[in-house]
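What follows is subunit A paired twice: with subunit B in the first complex and subunit C in the second.
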Partner chain A sequence: MGWPLVNNVLLSLRKVTLRELISRDVVWVGFDNYRTILADPAFWDAVVRSVLFTAACAATTMVVGVLMALLLVRLPRFPKLVLSISLVLAWATPVLAATTVFQWLFDTDFGVVNWLLARVGLDTEGHSWFSTGRSTFLVAGLLVVWQAVPLVVFSISAALATVPPELDEAAVIDGATASQRWWTITFPLVRPMIGVLAFLQVIWDFKAFTQVYAMRRGGPDSSTTTLPILIYQEGLARSQFGLAAAASVVTVAILLVLLALYVRSAVRAEEVR
Partner chain B sequence: MRASRRARGIQSAIALVLAALWAFPVYWMAVTAIKPRSDVVSRTPVFIPHSPTLEHLRTAIEAPGFWHFARNSLVLTIGAVVIALLIALASAWASTRYFFKGRKAFLITIMAAQLAPWEAMLIPIFIVYRDTGGLDVLLALIPLYMVMVLPFTVWTMRGFIAAVPVELEEAALVDGCSRGQAFRRIVFPLLAPGVMATSLFGFITIWNEFVFVNALMQSEPNATLPLWISAFQTVFGTDWGATMAASSLFTLPVILLFAILQRRAVGGLAAGAVKG
Partner chain C sequence: MKQRWTAPALVAAVGLTLALSACGGDAKSGSGDAAEKNALTVWLMNGSVPDKVVQSVNADLAKQHPGATVTVEVQEWNGIQDKLTTALAGNNPPDVIEMGNTQNAKFSQSGALLDLDADKAKLGIDQWSKGMASSGVWDGKTYGAPLLAANRVVIYRTDLFEKAGVTVPKTFDEWVAATTKLNQANAATKDFQGIYLPGQSWYVYAGLLWDAGGDLAVKDGDSWKGGLDTPAAAEAIGKYKQLQSLSKAPKDADEATPQQFEVFAEGNVAQMIGLPWEMGSAVGANKKLDGKVAVFPIPSSSADKSGSVFLGGSNLGISAGSDSPKLAADWLALMTGEKYQTELALASNVVPNRTALLSKLTDPTAKIMAGAAANGHVTPVDPRWAGVEAGANPVKDYMTAVLTGTDPAAAGTKASAEITKRMSGAL
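For the complex of A and B:
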């Protein structure tokens, strides 16, 4: 497992195109690949897209997930069962099947979403969701959130179940409002779980390749090319292996920085307490 | 939590709406797959199929290569999961029951391997496959997939093995079992639910795998179902009925496995086997 990673760094310092691969020449170029990549506006566009997409998806997933978990634990038996089954269905659906379904839901002529929006009075008849990068991202983001929420709901409702009800009851007697009780009692107790889940969401969403790629292959006009897609296209479609390796090293570095920021703030929060 | 009756009612109503929202895409996939063509391409969606048809399922199954791709997917998934399970069983067993030099290092490596980002592996792995002639060789994916699910498999398997009381095994040894017999007769039956739960995860991961098969298998005979479905527009054009039928067929095994294994995976088989 470690070797490919080291190899990747080495590759990023070499000129590797199809020609070098076939002749098996090793041409060291130092940091040239990095210079090329970092000077390429398309690369920075992809960075910005990736970061925004990740932030939007992870934040939405967490907020919706936490709210639904709070709802789930309060439900009577029957609605609880129904909601759980629905969530498991969304969770179990293979990513690629889900991607085709979402394309069908958002189809231009016969998609349910267009029909529904037209019903509530929006002019969406014949609206094409995949003609601009932004709305393609919206559909991909909804897909990502739809599939990610179930895990968050189940994990957090499991964590909520460990919160002793006496604490809440005592607060009720003391006259605390619902939001006071959430922020001062429940939230601090489930925060570790929320932290871990948010951490995972950021990693997963940043690396989301299948959903975005299978939706429109990074199009239209490479306006949904995120970092993983850029690496794929640069390396395998254009055979610029050295450049792709450099881009992937930068991607992993960005991910590490994001995660380090998170870990640091988590440690700080721990110290404050 | 003692909410008033009315609050309860509102909560339940919201829950049902959310449930509908989450289940709808799956429902819509299944329903589109069995609707007659005229209902699929209608301006006003038909939510409940009046006259279900198997037409689209037939189109999907009879599409060129469907069975071939399904077989490829199954071979890869089962091959990789079974090998990963065998290796994981042995190494999880060794690392929970015996103390040896480098045990800690071993565990840390397993943890770290779970974090390895595929973006950084794609290019080097592609080049390894190229250099060894593994490109476009279907079975060459098995070792890769096996390695992919191995860390998680070892990790969860350790949890299940740790949950089997050592006393049971010791009792078996006292009664004259060999180490191997003790494992086969006593521990393994107790582990079976764990083995199933772990294999469920492996199965889903590989069944869904798209990134590497997309990069490493370039000719059509070596495609798997995910690749085939991702190219549905070239296969079916805008025939959404057939596309949804294909997606449903692809989803079905996963949901079935979930339904079957969910129940077995949960269950404290070993609970109460030892008197405290």
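For the complex of A and C:
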């Protein structure tokens, strides 16, 4: 497990381009790669984009996922089956295929979304969803959330199944409202599961490459160039493997810091209770 | 906890050092005067050279070198860059490789290929057409031999031209007038487009830019400067906008999304700017177009010459780690020589690497394409150009910005700065 990581760190301290790979020269450059990256304003722009994108996607995924899980356990048998199958299908769609489908859904001239919105009276004919970074992020984010929600729904609904129904019944008899029951009975019991899922979502969304890259290759005007795309563009496409390794080490470090903050606040919250 | 991690890390670090030094040792012993082997491994791309031509080349080589064997391995384009990188950095690289002409600079610069200038006379380097040969040159030395090329032409509907009383235009202004007339004559047809030209067909824009005397990037010492903030760039995008305004194609998409030949195949498009194979694909998708489609060269501002075009194609190179470089050079000389260039061009309808051979082409479409190739250019020959195309392509963003109303000067300054930035930095 640790070997690729160690190798990556060592790589980040070397100048490795195709030339070095072919000549087999090992050129140690110390922290030059890190200096280059950290001095690049485009890198920090990408960090901000990545953090915001991750926060928005992970939060939306969790909220939608939990709400749908609550819906799922309450549905009668047949609608439940239909919803479950739809979720599995969304989950099972290959990422690249799903991205292509979303691109067409939001296409300027032939997209179903523009057509539907025009039907309900909005002036969306010929609206370009990919003309600004924000709007491109919106589409990419929808796609990421759409594919991430099923796992959350199934995991949470499994967790909900472990909540003893007697507790809920007792609370109903005591006259507790639905929201009171959720916050005092159900939520504390599924909380660990929510915590784990949110943790995973943050990791997955932070390193989401395919969806964002395939959507507009980090455009327009590099406005959707997140960290993974920047690493690909600066490092791999230009064969600057050392630089790419350094950028990936920094990415992991940022992710670790974010997760450490998250875990700390989660533990704190636990202690307060 | 801490102790548990230190031991493996130490082992790993030591292991890596050993592995790396071992690699270094290998390279030294490998690059000595090892005896030339009488066997070649050649990597060709799928669909580039017909099997029949390859067989004849191999047979000719065997006549020159009795007992020589050639193993041809056909590669797929998908993922070829990584595959070539891995193979060339490996211990036993193929002797001859085919690569996309825009990838050549990367392999030339990195020392992966042999300098071909020693075999200058044998290869006939002086006879190669300049546009095609330029992609194989790095730092004044030749590392790539042009194998074949193709370039864009205007694919048009002969029946629609006839009906609208329009003839094949000879200049850019005539072209705009003809397209306008086509639109007027077919105003009653829903979804009719005199030309299908999406906003990000950037190779078409590059042609207009070269025509105006500009370039995508200009070499400035060791680095490059973006060329979209120049008067030439503004003139070129002005022309592009003029032509694009006659199309209903999206301003924020390139020619592949959707594939323009599919739009053309629907039957309501009179022209598109594409590669000759797209004509075949369009007819394949709609048989009714059979016999109603032809091509003409992209017009320039003057009737004397056709417009500048981007030359897509591939080159051959000899890997630096080849164990039979002399045999490889002889194979290369045959494949890129007059005899087999003619055979290849006739069999595949591609542009051969010698201008002198253009007259031998028989297919009318290939003839027109090859004629226009005389005014062919390539993207900046530098490994760092790949970085410009890899992410969000600033040229495409520039085009969409101007087409949707941004001032060309402002958009050009921004795009140029981005190109300059991506093409700077150490190699």
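Criterion: the second predicted complex is superposed on the first by the 268 of 273 C-alpha atoms of A that agree within 3 Å, B and C clash if a C-alpha of one lies under 4 Å from a C-alpha of the other, contacts with A are read in each partner's own complex, and residues count from 1 in each chain.
As a convention for this text, a contact is a pair of C-beta atoms (placed from the backbone, for glycine too) under 8 Å apart; a residue touches a chain by one contact, two chains touch by 3 or more.
This one's a predicted model, so the numbers in the text were calculated from it and none came from an experiment.
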| item | value |
| --- | --- |
| Clash or fit (per the criteria above) of subunit B with subunit C on subunit A | clash |
| Contacts of A:Val249 with subunit B and subunit C, given as first, second, both or neither | first |
| Subunit B versus subunit C as contact partner of A:Tyr232, first or second or both or neither | both |
| Contacts of A:Ser23 with subunit B and subunit C, given as first, second, both or neither | second |
| Partner chain in contact with A:Asp221 - subunit B first, subunit C second, else both or neither | second |
| Partner chain in contact with A:Ser131 - subunit B first, subunit C second, else both or neither | second |
| First, second, both or neither for A:Asn7, with subunit B first and subunit C second | both |
| Partner with the higher number of touched subunit A residues, subunit C or subunit B | B |
| Which superposed partner A:Leu89 touches (first subunit B, second subunit C, both, neither) | first |
| Candidates 22-30, 40-48 or 76-84 of subunit C: the single one with C-alpha clashes against subunit B | 76-84 |
| Contact residues of subunit A, present in both the subunit B and the subunit C interface | 3, 7, 21, 107, 109-110, 232 |
| In the complex with subunit B, residue positions of subunit A that touch it | 1, 3-5, 7-8, 11, 16, 21, 68, 71-76, 78-80, 82-83, 85-90, 92-102, 104-105, 107, 109-110, 112, 115, 146, 149-150, 165, 168, 207, 209-210, 214, 227-228, 231-232, 235-236, 241, 244-245, 248-249, 251-252, 255 |
| Of all residues in subunit C, those that touch subunit A in their complex | 5, 8-9, 12-13, 16, 20, 23-24, 26-27, 85, 88-89, 106-107, 109-112, 248, 250-253, 257-258, 320-321, 383-384, 386-387, 389-394, 396-397, 400-401, 404, 414, 418, 421, 425-427 |
| Footprint of subunit A on subunit B - complex, ascending | 1, 3, 8, 11-12, 14-16, 18-23, 25-26, 28-29, 32, 40-45, 109, 112-113, 116-128, 130, 147, 151, 204, 207-208, 210-211, 215, 225-226, 229-230, 232, 240, 243-244, 246-248, 250-251, 254-255, 258 |
| Subunit C partner contacts - residues on subunit A that touch it in the complex | 2-3, 6-7, 10, 15, 17-19, 21-26, 36, 42, 103, 107-110, 128, 130-131, 216-225, 229-230, 232-234, 237-240 |
